[in-house]
Each structure stands twice: as structure tokens, then as C-alpha cells.
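Naming follows writing order (A, B, C and D), and every chain is counted from residue 1.
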Amino acid sequence: MTIFNGYEQSDREQKLDILNLPSLEEEAKKIIPTGGFGYISGGSEDEWTLHENTSAFNHIQIIPRALTDVDQPSTDTEVFGLKFKTPIMMAPAAAQGLAHSRGEEATAEGLAEVGALMAQSTYSSTSIADTAAAGKGAPQFFQLYMSKDWEFNYSLLDEAVKAGAKGIILTVDATVDGYRESDIINNFQFPIPMANLAKFSEGDGKGKGIMEIYAAAAQKISPADVRRIAEYTKLPVIVKGIESAEDALLAIGAGAKGIYVSNHGGRQLNGGPASIDVLHEVAVAVNHQVPVIFDSGVRRGSHVFKALASGADLVALARPIIYGLALGGAQGVASVINHLNDELKIDMQLAGTKTIEDVKKAKVIRK
Amino acid sequence: MTIFNGYEQSDREQKLDILNLPSLEEEAKKIIPTGGFGYISGGSEDEWTLHENTSAFNHIQIIPRALTDVDQPSTDTEVFGLKFKTPIMMAPAAAQGLAHSRGEEATAEGLAEVGALMAQSTYSSTSIADTAAAGKGAPQFFQLYMSKDWEFNYSLLDEAVKAGAKGIILTVDATVDGYRESDIINNFQFPIPMANLAKFSEGDGKGKGIMEIYAAAAQKISPADVRRIAEYTKLPVIVKGIESAEDALLAIGAGAKGIYVSNHGGRQLNGGPASIDVLHEVAVAVNHQVPVIFDSGVRRGSHVFKALASGADLVALARPIIYGLALGGAQGVASVINHLNDELKIDMQLAGTKTIEDVKKAKVIRK
Amino acid sequence: MTIFNGYEQSDREQKLDILNLPSLEEEAKKIIPTGGFGYISGGSEDEWTLHENTSAFNHIQIIPRALTDVDQPSTDTEVFGLKFKTPIMMAPAAAQGLAHSRGEEATAEGLAEVGALMAQSTYSSTSIADTAAAGKGAPQFFQLYMSKDWEFNYSLLDEAVKAGAKGIILTVDATVDGYRESDIINNFQFPIPMANLAKFSEGDGKGKGIMEIYAAAAQKISPADVRRIAEYTKLPVIVKGIESAEDALLAIGAGAKGIYVSNHGGRQLNGGPASIDVLHEVAVAVNHQVPVIFDSGVRRGSHVFKALASGADLVALARPIIYGLALGGAQGVASVINHLNDELKIDMQLAGTKTIEDVKKAKVIRK
Amino acid sequence: MTIFNGYEQSDREQKLDILNLPSLEEEAKKIIPTGGFGYISGGSEDEWTLHENTSAFNHIQIIPRALTDVDQPSTDTEVFGLKFKTPIMMAPAAAQGLAHSRGEEATAEGLAEVGALMAQSTYSSTSIADTAAAGKGAPQFFQLYMSKDWEFNYSLLDEAVKAGAKGIILTVDATVDGYRESDIINNFQFPIPMANLAKFSEGDGKGKGIMEIYAAAAQKISPADVRRIAEYTKLPVIVKGIESAEDALLAIGAGAKGIYVSNHGGRQLNGGPASIDVLHEVAVAVNHQVPVIFDSGVRRGSHVFKALASGADLVALARPIIYGLALGGAQGVASVINHLNDELKIDMQLAGTKTIEDVKKAKVIRK
């Protein structure tokens, strides 16, 4: 264990024997300090949307298929011109130093090992360069919380480009932080500095609450910002936090090269629909003009299948991967992805789908 | 603590550190005597409608919006030609002396401080004049439980006009009291006199149960009564307790200048729909001819948002405010409104709405 | 307490202070012996239909009405040419000696006192003549479980006619007994003789289980039986246990003068719909050709209202009345009816309905 | 008790006094060792589909009927040219030696006694010949888990033909095993050899987990396999594990003489619909071209009725029968079928259906 600034960080490094992803939460809770765990696990207001995110997967039912002449399904896929061993990816979650002393470096390392896409948050505990290096050349995306200060934005984007990022995820659903009661109960303030903020005058985030951190962020994001970032970086910009056809079209019109359907894991606007409940409608609007990434509530191989069958090209999750990080470092992260991918393969076989493209075309029942 | 007639009244006066409104109930229960608490918190019959009032907000889902170029949302609004800092207002609840020794005076003071509308009940613990004075010039409405005795009605209306009331809320859904089991279990009788009843021969309400109090009320209210009150006072009459398009149109036809959609917080007819489930249909019938006030079940900023997006111009609540009154007097009342308004502002920002007018036009999902 | 054949019968006689009907079950359970209580309270198979019978009332919502110029609602009604003080009646439940030493005599006495219709079961503990006498001239119906032995049937019908019965309820949904697990668990056998069976060779029912009792009943009932009974008695025949438009029309075609919608309180076919869920469709088919009686699941004034608004002319219940019988004899029975009728009156007032005819025409929401 | 390879097998032989089938699970759990019980009772992933299988029967409601002139219903039926005393049959469940020392022999004996169809699994504990002999000439089906090794397949089919099997059930929904967490928690490996595997090089299954067993199975099944088996055996081939009209039509096109609608009792693809929820649609597609067998979730007579009324010709179940086997051997198996058939008869009578053909035509409500 590493004690940093009074905060006990896990420094475990081991493969995990995983029964299922939901069971990781209980284990991780034992070793992540209360404030950090509350920040990672919590949602906003009464957490209705947080819980609905997962239970709403039951609104979609996979039809078992047989006699389809399918075996040995493969989860290999190509999206954004990049090849992955799995459609499962890391959602760009902040402050992974809360879970492990190596933070995002270990996450990137574990993901690279299993051929899954890493997305790094602006508010990461390790720097863009260090995280990139840990990924050993595997593709990474950089997620931007747009600041009011464009010098800051340009500086981060410069670093991302320099580090070889393959895409920029622009988060648009967090112009103010959701009302997260667990952080208030725990009076949570980030004990670990945020590497990307360190060189700026506002400080490195250490000792601040999420509300203060977000205060530096832009409270107003418009299509012009999407275009500005795309032109500046020449990288594909994926707009994250889309829950409506309207926003998807605004983003594509502004030059977005990807739509990221998410309600921020139930951490922002509570009282909105489960993210999986809007995915299909958004995907219909996107109409294959650009790839679609989905997150919020994914815990099972069948969830990944249902998201793909509803229009997603990549399916992201964060909390279970962070629990794997706490429990096993880079190897723990790899174990989580492997387990979930194994569940997905079973589902693919039993649904008569041989490739990820087949899954995307699979008929499902929507209730 | 103040002991009045053997009843222990809170006399706290302090700002409250509020996590959320539902959590206030537990705290308030500790300091409000059993009979008073049962009267305030209870509903009728098996309380199905009471509970449905709040859970039915999940039938409506707010769509998170981004890329809408919105920041710094404002809750300022103008209704009935009156300006408020928030669309949240006090529902005209009876007998607030049950919660605090200063009763409605403290409530009015707290609301005035935060720019929210006070509505005072006929059955208030403090008089019309005293409550008005405590409001320091902020607008107030007076709520009338119409008596069989028109002398009594005229006398109260005279007082209200004299005290500067800006509108009369005529309650029409309580011509007999709902079957409230907690009052029966507690054998509840009002321990505190009702100031507005004091000068009349029926007595001041002290030592009576709600059934006896209501017995003096008119059991029959017709459109003609609406017209009579409007003509007598020259004030806008808002008809409260409307749950159908039919009643809304009857009221407007009779000269009502406002429609107040409410099922009395689940305290009257049990087995009817959640109030939020009928709001939209009633608002469509009203068709912007007059403003719409809504109450019943509101506990969250997202509830306020959903009510506004379903046709309300003002959104009222009572129980949580009364709990704030018990726990903190006028400052407690202000704390409750501030907290709820802060939740609302977060929701407005995350739903891409800058003004209350924007919220009213926001697209929501109705299940 | 009376000990009969080793079975402890209540002989209480007192008015009851009733909070609500559901709360009577708990109290009655304390004084009715286990086997008798299981027989009275239980349903068939896993009791899904039993529970659905009550919870399905939430599928219907009463719309509160105001400004309707209504006060002082009256529950007086006239059905089958008979005048009642309430539309609430006794369902023809068997073996009330299980609950009270005076059995159906006390029930009839209590109902007569409050102007409610008594219906006596073939399997009653007291005889047709004795029950009739206890009713002091108030109208009664006699319910027939048709035997395979027509001598027996004619004999009972003769007695009923002689005793002045105003109608014959022919039960058609019990040609075999439902699979009632509580009777099996308790190895229940009737400890009290059934007065109407006493003079027949099969014995008086004492020491038999319900399966044996029903074994003597006809397992096959056809429209011709309805006609036969009507012609023999010259009394209106009401066919009980109808849950479909098809059976209602068959019955009317056969000369039935009333349709009794019931699933036997969830005691017969489990896995069928809640009775309230089919009432409206059946009533539409009946199309006012004959009156409709409804039972199954009624516990609240709002339930009575909803049944009337869905097509019923009379609303029956048994279990809560039997619990009242156990707890207070004839006075207990009267207390139950009075309480339920009081709840109904409140609901009528708050829904803007002045008469039972108004309730029947009230608009409700069906989910 | 028999100790085999350290595993405690029941060797009880007795009639059972059954209250209902769900209650058998609790009793059986006490005498079946943990690993075996987990294997028998468990489902896949989070068992959503397992539980939905049973609760979804509430989506269908049987309409009680009367005045239909029906009595003495009979459960005799003829399907596949074979006569049975009941439409209830044994689903082809593996490894019944886990429950009883006599395994499938006792099951076959018990079923023969009550005139119900036995279906034996490839992975049975007793051999095809021994199981057939125990059935004393009653019809049996043999279920094939198709191996990659056709020599193996032919050998088993030869044995089945020789033993007089009346049909071959080809399971197509298990080309990989579902993700069953209880087996993983228990680290379950089959302690009892599988008789039909004993002569092959892969071993007899003893000491292997289900994943290893399934590894020898074909992961790819196509319509051509159906045809190949039909041609080789000249027996009717029933394709098991169909949950869609598409697969049903593929199977019939390939020469299937029966469609077996099943989701493998919730043990294979989790996140799919309850089997009863797709039965009607599949049966409509089958359009009486071939008989339909149904399983998954059946526990009650009313479930059997609902499945028949939704298109099934035979209704199978396994877990409750295996619990009966553990608790009472062959007599226990017979007791389970008898009890369930008795519940069915009551339901038939109360729904006005005299024959199984009547049940198939009965009108039900689908929600």
C-alpha cells in the first residue's frame, strides 16, 4: 500500500479470478478509502438514473439462435480505422490514482495487453505523456474537459497530439457537476494531484472538490468548439455525453467524427433516461455517418451485446475496470476486460453471431 | 422549545446544511410531536396516491442536452404579473404552529428572503395580518377554505385584501376531509389555535380534529362561488385542487385567473392518479389562458423541472418546507428553497435550458 | 368463547372501532382457530390471483372532481327492485360458524341493521330458515351450490322460497374446488356441521374437507340448469363466477336475471385475471340487460367506487365481514359495512358524485 | 445413501406427499450435495432469464369459464403418434446420478408408471440401454448433444435406435455452455461418470466440468445436421432450443418432425426472453406443421395450461422432477407428475376445457 498525502493507495499487481463484474465492487470497497470509493461509485441526486442504467438492459432481449452455422466467434473489430481485439473499451474516468498508486499508467498497460482502447481523462492522476508511454504503442484517446481558458485547452491538446493520441473525446455533459450526494456526505476532496492540471495557476486539483474542479471548466459548449478542436488537432473529435438525436446531429454538423452516447454513468443529470434506452434512437439519427461509442451501466457480456445490437460500435465502461485496477493493477484491468469479453463471446455464440458486425445486425426484442 | 397548551413547539432559528429534501423528514420527526408530525406527513386511506405522487415523476424523463450554448441558468420568473427569484413556492399548508412557535410568520419571512411566493392557509396558526407583516412586502397569496358562512368568508377576504394579498387561492378539493388514518391513530386534535378562526363563534379550532374543522367548510362549491369571490375581492382567484381538464375549464369559465393542479399531497381522495400524471393533460386544456400552479410529491430539483416542462408556471410544495421550518425557523425555510433551487439550476444547465421559459418548452419523455 | 366439537368459536358481540378493513385480518387471526382462519383467508395455488384481485384496483384511478355543485352524497340504491342503504353486500361465503358461534344468523342480523343485502351460502352453518329469521325481514338472497342430486337442489330451493329469499345466486365457478394449499397444510376439515346438508344422506359436512364437500356438487353446469332453477323457483337467478363476456351472454340467454362477476376471491382458478380487470368488459357485454354484482379483492371505499364505475350495481365482499363477525358478532358485521360505506361516501364527495347512479357514470382512468 | 466417488447419492424410494413443486427445491437441497445441487438448480450469468422464465407465466391469464357443460376433464393426449396419460413430460436433463443412485433408470421407471414421456440426455448417468429397460416399454426419446466426432454420434444413435427410442431430440442451443456461476463458485466437476461417454477416448466425463464436457460437442450446428440425423436414424428429429420463428422454420425446412421451444431453463443465453414469452410466436410460425414441445420455468398446473394454450403439444420440465427423484426415486418422480397433472386437471375443469385439445384452443389473455 502506498500512503500519498494521507490517502491509502493500493499498489497490488496480480491477475484476478473474476466471477462477475458486479461482485468486484464489494471487494474494491474494502481497499479503496471511503472518499475515493464514494467518488468512483456514486451517482447524482437519488441515483435513479444510475440504477436504471443497468436495470434498463432488461428492456432489450437477445434472441437465442441456433442452426446458424456459427462457431468460434471473434470479438476483433475495427473502428476509427483502428484495430481492437474487443469492442470493449475504457471510459475516460478521472483520478484513477484514487484506486491505485500507478493510476492511469496501470490502466493503459492492462488495456494494451488485451487489445482494448484506452481513453484518458483530463483529470487523470498521471500525465498524458506517462499514460501514453505505459500503453506501449496501443491506440489511446484523450478526453478533454474544455476549460474556459483556451491556452490551457491548446496546451493539453498539444500534449495529446505529441503523445500520439488517435482521437479527442470532448465531454459536453459536464458543464456543471451533477449533484452527487456521496461526495457531499464524505466531504470529498481530491487527495491526489491531477497531473494535467499541475502546471496551471489554478493548482493541480489536490484538496479540491469536484465542484471546484468543474468550476474551471467551460459552462457553455457550442458546436463551434467542436470545430475549433478538430481544426486545431487534425484528430477525430468524438463528442461525449450525447443522449438525443438533436445533439448527435448538432455534433456531426460541427464536424464530430464520433458520437459518444452516455449519461456519464448516472453522475450528471439524474431523472433522465437510462442511456441504453436512448441509444437506438440516437444511432438511427447518426445513420452510420460516424461511429458510435456507448457507455453507462454496462456490467455483463449480454449488456455489451445489447449495446452493439442497438447501434454502438464500441462499448465503454469505467467503474468495474477501476475496481479491477484497485484489486490487481494492470493485470487486474486486463482480467476485467478478459472476463467481460469471455462473457460476450458466449453470448455471441449462443445468439448465432460470429463477428462484431453480426452482433450489430442481430435482431433483439425491445420492450 | 416552546410549550403551548402542552404541545412542544420548536423555536429553532438557524441555517440548515441540507443534503436533500427527503432526508429532512427523518430529522423533523425527532422534534415535531407525534400528533403534529402525523398530521403533516400523512395521507389518506392506504396512501397509495401519496406515494405515487413522488414515484410517478419517474414516468417523465428529462433529456440531457449539450452543445446548446447555455450557461448560467437563471430561475427568475414572472407569473401573475409578479416577479420571483424562483418558480418554487409555498403550498398553502395549515397549522404551521405544529412545526414552529412562530408558525407562518417564520415561513413568510424565510420565503421573502429568497424571493419565493408565500401562500397562507385559512387554517394558519398566525393571522393574515401578522403573516403579511412578516413577509416584509414580498407578494403573498391567501388561501380560502370556503365556509358555509359567507360573513366569515367576506371577513377573511377583507382581511386578506387589507393585508395586501396579491391573489386568492380557493381550495375546492376538500369539501370533506380525506380519510387520514394517522390522525385517527393519534387521535389528533389541533393543540394550537387557528388565528383566523379565533373571532368566530365556532371557536378557534383548538382541540378539534380536522374532521370537525372541515365540517364548518362548505361541502358544495360551484363555479358561482369562484365568480363571487373574484368580484368581491377584485383579486385574481386561483382554483386549487384541479385534476381534470373538465374542472380546469369550469374554473376558467367562472373567471378563475389561475389553475392550481393538486391532489392535496395525497391527503384527500386516495386511489386517484399521481398529480404529475395529470398535469400535462390539464395544462393542454388550460392552453395558456391563465397560469398553472402545480403541487403534490415534489422533492427534487428534477421534479420541479419535470413539472415546469409539463405545463406548470409555479411549483409548490409544503411538507419539506415545514420540516425546514421546524428544524431552522425562517432560516430553515430559506435553506430548503435555496437547496431545491440549486438542484433545479444544475438540472437546467445539464438539460440545456437557460431560463424558466426554456424549461417550460423543454422536450421530455413521457412513459 | 364457545367450544363446539373441539373448535373454539368466538361469541363476541360488540361494535368495532375500525381503522380500515385490511387491519381486521390480523385481529381476527388471533381469535379464529388456525384451520378455520386458513380456510377463510386462503386462495388457490400460489395465490397470485388472490393478491392481484386487490392490487389490480390500482389499474383504475378515480379522478377527483370539484366545482360540481355536489354535497351530502347518498349511498341509497335500488337493484333487483329492492332498496338498500348501501351498494355494499355480503358475498355468499360458506361456514361462518368458523368465525362465530351464531354464524350466518349474526351476519344477517348485522347486515339488516345497516340496510345491506345478505346472501347465504348453501354451505352455511345455520339453516336457511334461521338465517332468514335473523334478518328480520330484510331482503336476502340464497346461494346454491348445485348438487348432482336434484332432490337435494329442489329441497333447498323450496326452503329458500319458503323463507322469502328474493333471489337465487347460482355459483358456477366451483364445479371442483380450487387447489387451496392452506387447507392442505392445516389438514382442514369442517368442525361445524352445515345446517342445510344435515337432513341428507351424505352427512352434514362435519369432519369433511372442502374437496369432499365439493365432490357432491355438480361438476357440470349448463345453461339449462339456470333455466330449470328459474322456472322452478320463479325467483330471479343470478349466475355467480362469471369472468368473461361469453359466460355472461350464455347466462343471460338462459334466463339469468343478474350476472355476478367474481373469481371466488382467488380461491378457485389461480392464474386468471384479477376480477376487477375483467369487470368492465363483462359489463359492456351485459349492456344493462340485467344488474351486475361484483366481488373479489374489495377492501376500501375506493375499491367499491371503482367497481361501481366499472359496471357493478352491487359490490360484495366476504373475508373482512367475516373478520368483523368474529370480532364483534352482528354488531361487528354492521361496523364493517358502516366503515366501508363511510369511506365510500368520502370518495363520492371528493369525486363529485352525489348518488350511486352518478358513481356508475363517473369517468375513471384505466391503465 | 450411496457414496460414489466421495459423492453422496440419495437412494430413497418412496411416494411423496407434495404440496407444490416449488416447495420440493428446499427439501431436495438438504439431500443433494452442494455441487450437484448448484449444477441442477443454477442458471447463467445473473439468472435474469431463469427467474423470468417462471414469473413471465403471469403475462398470460387463463379465463375461468363456466356454463360450458364440461366435467371430468382428461389429460390423455396423442403426439408424434404416441399416446400419453398426460401432456407433461421429462425434459432431457443430464447427470441424474447427481440426485439419485439409480439415476435415469429411476426417472424412466417413474414416468412409465404414470404414462409420461421420458427423454434421456446424452450426458445421462445411466446408459441408453439401461434407461430404456427401466422404462418397461413406455415410449422414450433420446436427446443428442452432437459431438464433433460423427463416429461418436452414429454410435449413440445406433444405441438409441436399438433401444427402441421413438424420437431423437437434437439440442442446438448449447454449442458452448452458458456462463453458470454456481458451478464456478462450487468448482463443480461431475463426480459420476456419464455412461454414454464411457467407451470413448475423451473419457466418461467424471472429474470434468461442464465446460470441458461441452468442449467435445459441436460448436456449429446447421440444418444439414438435422437432415443427416433424420436420414441416419429414420426417427423423427425434434430440434430443441428454438426461441424464434426463424430457427423453427430453418429446422422444419431441414426435416425436423418436432420443434422444442426452450431456453434451456435459463442455463444458456441469459438476457433473452422468458421462453413462455416467445412460445406463441414460434407456434404461429410452425403453424401445426409439426408438434411443439415447450419447456423452461414450468412449476404449476396453470403453467402447463398456459403453455398448451400458447401452442405447445407437450410440456416438459426437469428440475422439479429431479428433486422428486432425489426425494423418492421412481416413486418420487411419479408423485411429481401426478401432483402437477392433478393441478392441471383442476385448472382444466375451471377453465371449461374437457380435453387437452380443448386447452390448446382456449382463449387466454396475453399482457
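Here, contacts are C-beta pairs under 8 Å (C-beta built on N, C-alpha and C of every residue); 3 or more make two chains touch, one makes a residue touch a chain.
Which protein is which chain? UniProt says A, B, C, D = L-lactate oxidase.
Being a predicted model, the structure only gives us computed values, none of them experimental.
Using the contact threshold fixed earlier, the set of chains in contact with both subunit C and subunit D is empty. Steps from subunit B to subunit C, taking the shortest chain of touch contacts, total 1. Shared numbers divided by all numbers used gives the overlap of an interface; between subunit A and subunit D this overlap falls below half, so the copies present different residues.
Compared with subunit A, the chain whose C-alpha mean position is the greatest distance off is C. Its C-alpha atoms superposed on subunit B, subunit A is turned by 90 degrees; the angle is given in steps of 5.
The geometric centre of subunit A is 43 Å away from that of subunit D, both derived from CA atoms.
Distance between chain centres (mean CA atoms), subunit B to subunit D: 61 Å. Residue numbers of subunit C whose C-beta contacts span two or more other chains: none are found. Across the complex, subunit D is touched by residues 19-20, 22, 57-58, 60-72, 300-303, 305-306, 342-343, 345-347, 349-351, 365 of subunit A.
If you check the complex, the residues on subunit D that touch subunit A are 45-46, 48, 172-173, 175-179, 181, 184-185, 218-223, 226, 239, 241-244, 246-247, 250-251, 254, 263, 268-273, 278.
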